[in-house]
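The letters A, B, C and D name the chains in turn, as written, and every chain counts its residues from 1.
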Amino acid sequence: MLEELKQIVCEANLALARSGLVAGTFGNVSGVDRDGGHVVTKPSGVAYDRMRPEQMIVVSLEDGRVVEGDLCPSGDTPAHVKLYRAFEEIGGVAHTRSVCATAWAQARREIPPLGTTHADAFHGPIPLTRLLHTGEIAKDYELNIGRVIAERFAEIEPMQIQAVLVADHGPFTWGYSPQEAVTAAADLEQVARLASETLRVEPYPVMMSRELLDKHYNRRHGEDAR
Amino acid sequence: MLEELKQIVCEANLALARSGLVAGTFGNVSGVDRDGGHVVTKPSGVAYDRMRPEQMIVVSLEDGRVVEGDLCPSGDTPAHVKLYRAFEEIGGVAHTRSVCATAWAQARREIPPLGTTHADAFHGPIPLTRLLHTGEIAKDYELNIGRVIAERFAEIEPMQIQAVLVADHGPFTWGYSPQEAVTAAADLEQVARLASETLRVEPYPVMMSRELLDKHYNRRHGEDAR
Amino acid sequence: MLEELKQIVCEANLALARSGLVAGTFGNVSGVDRDGGHVVTKPSGVAYDRMRPEQMIVVSLEDGRVVEGDLCPSGDTPAHVKLYRAFEEIGGVAHTRSVCATAWAQARREIPPLGTTHADAFHGPIPLTRLLHTGEIAKDYELNIGRVIAERFAEIEPMQIQAVLVADHGPFTWGYSPQEAVTAAADLEQVARLASETLRVEPYPVMMSRELLDKHYNRRHGEDAR
Amino acid sequence: MLEELKQIVCEANLALARSGLVAGTFGNVSGVDRDGGHVVTKPSGVAYDRMRPEQMIVVSLEDGRVVEGDLCPSGDTPAHVKLYRAFEEIGGVAHTRSVCATAWAQARREIPPLGTTHADAFHGPIPLTRLLHTGEIAKDYELNIGRVIAERFAEIEPMQIQAVLVADHGPFTWGYSPQEAVTAAADLEQVARLASETLRVEPYPVMMSRELLDKHYNRRHGEDAR
């Protein structure tokens, strides 16, 4: 089932591996089939150089249970499923441990928009989730990661800022498709790297103006996008 | 028309891509034909690995309107055109988002000349533009980027310092030819990287002496250049 | 003798070279044959691109003396032998000068667990040894490096934290096999790099919670590991 | 004349280019023939990928004048010649603008020995020259670079510390042969990079003990070297 989506998801995972955003078997990208109520995701622990579409795992969009596949789904799958349920317009989710974005997550700081490269991709600061409580870590941990992300986006449009930093953990990104989620992961790492390099020059940088942020974001994503 | 210049501009854009100074479809290099009153520039959104000379766009040096070409010109074209009009001796302009130079632009700090590598390429600090006003962002934004650059160079010789940092945005560079503009972009990134690494060792570095700056700059660019 | 272990040790050294964790002829990986009481290690000063299994050196687990091999064993061999004697469950040891981990060793600071990437690999801070005394440097220096590592792990389970920073020197890592020691060296460098990048964003980062550290470590290494 | 030395010097320059320590046509390595009183050096402005032994330039060890060669010698040649005259045991000199070493030169700070990687290569801090006076910049500039280096080494054995930082400029290194000078340049960059990374973790690092410095240096370079 869902052979085409498996192909797309597999290819997106391989694109993630080629991007240098993940090391070893880390990282995962998934895609959703909303009509059938299924999520297709990466199997756990398979090396990228041996990954094939038929190894992708199909889980239920309703409760995350495996519907098809011999291997275990990526451990982060419950977080992906939660995001598909919380953000109704998204079609793909990616999780990486890319160095600079993860550093901001470990620093527990949102990434402020400091320039037009940020504004070209994200319509505001990259949000940071709260820390999980002890009970949330002990039980349904991966699902709760999805929950704190959804909670953080209560008043943010997910398609305006297609990325989040999970505190002490790392970034999740998303888009209309699995490939777009990978692009958002690469954009996020670039933006995080620029922000870190900016701090090296000026420890107290000033955020860009709202007008400039809107201008660049809307030039690419707004109604008058080219 | 202008087949030779299209070839040169296309090759300069490909050289920019190979240099690692740009990611994705970012970045652009243009060239000018002053006799005919035309600027040749990169089309918007074409991947570097599929870029061909015949795709280059010809616009008017007078008002930036498209004269020839099926695709849209790079969004930054009005800034390029403004620079050709303001700096009469230049033949090529490049725009990148190279990491270290962009970090200084986001930090809103000029790059001070800290050593001979800087002085070999640039005859003074790399200037920073002022921020654009709200009205300048709202209307004719890309043209106004060119304007604040020209304004910043009111008392600087553009061929003495072939680079600028646009605040909260990134670098523009130029030269007698499109290829020289690319070389200036690479020199700028190297100089910015060295300055950032210097700050890591010594947060309050002292600028090099005027004598040493002049010596190195003139050794390469002055009348007694070798 | 021990042809299979020589093959494994040689391959692990080549994997170390490919990983980018060592430069030139630096770095070494060894393996132990506990039944026979032997350690197999890398010869000193042989370039990685000419290294062959039959060049590996066999030394005694009891006193470190050469049992077989024409070349000199790596100078760090006495430290390796000491670790095999101190940590009875380990099967391989690796020593690198990987940049970020060595920087923490030179800074004489333990690497605090700042996020889940750390917790996936190490069950607590990466310990730092004390400095060696003058007498320990003058006599049996390499053996004493092994001794201060063993001393530092008096109350730490070596298989819970498979890495140490030797003050003013660099990291040692270990595992059930030589290949696992190399994996630990790569994990350590990644964790050190993330910690350094985190300091750049937030000079006083807060350690992750014990619950989150345990959760991630046990998810991979505990009884309920997947 | 000196065909063998030209081959060696050309190969050392190509090794420098492959090492990543130089960009563009920057950098140069020379060698000396003390019996004949000649220095063989790189021509100025020749791209590394087109460099051939027969293009090397022969200059006089006495006064630096060109003895053989159609192209101009590298502009830094007077500094090289001065070093060969000041340091009688050396056989090769290299000059780079490698990023981390140049950053320390721009920061006007000596590189303190912070760990055993430093001590394996250099027997003490990497010295920094004083700044040149105005008159020294105006006349015989390149020769005066050699002079301030020699001055700085009045009480240092050049073969104990085969590197120097010229303030606001960059590093020079040397060795018994041109190839050794290149190796010293690579060692210096590694040591500078480790020192910069250490500062990132600990802004006020403590220098390693004299005993540990001597131990590591003498283990490689002393009478009991292996």
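The rule is simple: contacts are C-beta pairs under 8 Å (C-beta built on N, C-alpha and C of every residue); 3 or more make two chains touch, one makes a residue touch a chain.
Since the model is a prediction, treat every value here as computed from it, not as a measurement.
Chemist: Any chance you could name the chains that touch chain A and chain C both?
Modeler: The shared contacts of chain A and chain C amount to nothing, since no chain touches both.
Chemist: If every chain is reduced to the average of its C-alpha atoms, which one ends up farthest from chain B?
Modeler: C
Chemist: Check the residue numbers that chain C and chain D use where they touch, and answer same if over half are used by both copies, otherwise different.
Modeler: Comparing the two copies, chain C and chain D contact each other through largely different residue numbers, since under half are shared.
Chemist: Taking the mean of the CA coordinates per chain, how far is chain B from chain C in Å?
Modeler: Once rounded, the distance between the two centres reads 47 Å.
Chemist: Averaging only over C-alpha atoms, locate the centres of chain A and chain B and give their separation in whole Å.
Modeler: For chain A versus chain B, the centre distance works out to 34 Å.
Chemist: Among all residues of chain B, which ones touch two or more of the remaining chains?
Modeler: As it turns out, chain B has residues touching two or more other chains at 195, 200.
Chemist: Which stretch or stretches of chain A touch chain B in the complex?
Modeler: 114-117, 186, 190, 193-195, 197-198, 200-202, 205-206, 208-209, 211-212, 215, 219, 226
Chemist: Which residues of chain B touch chain A in the complex?
Modeler: By the definition above, chain B touches chain A via 23, 44, 72, 75, 97, 99-100, 102-109, 131-132, 134, 137-138, 141, 168-170, 195-196, 199-200.
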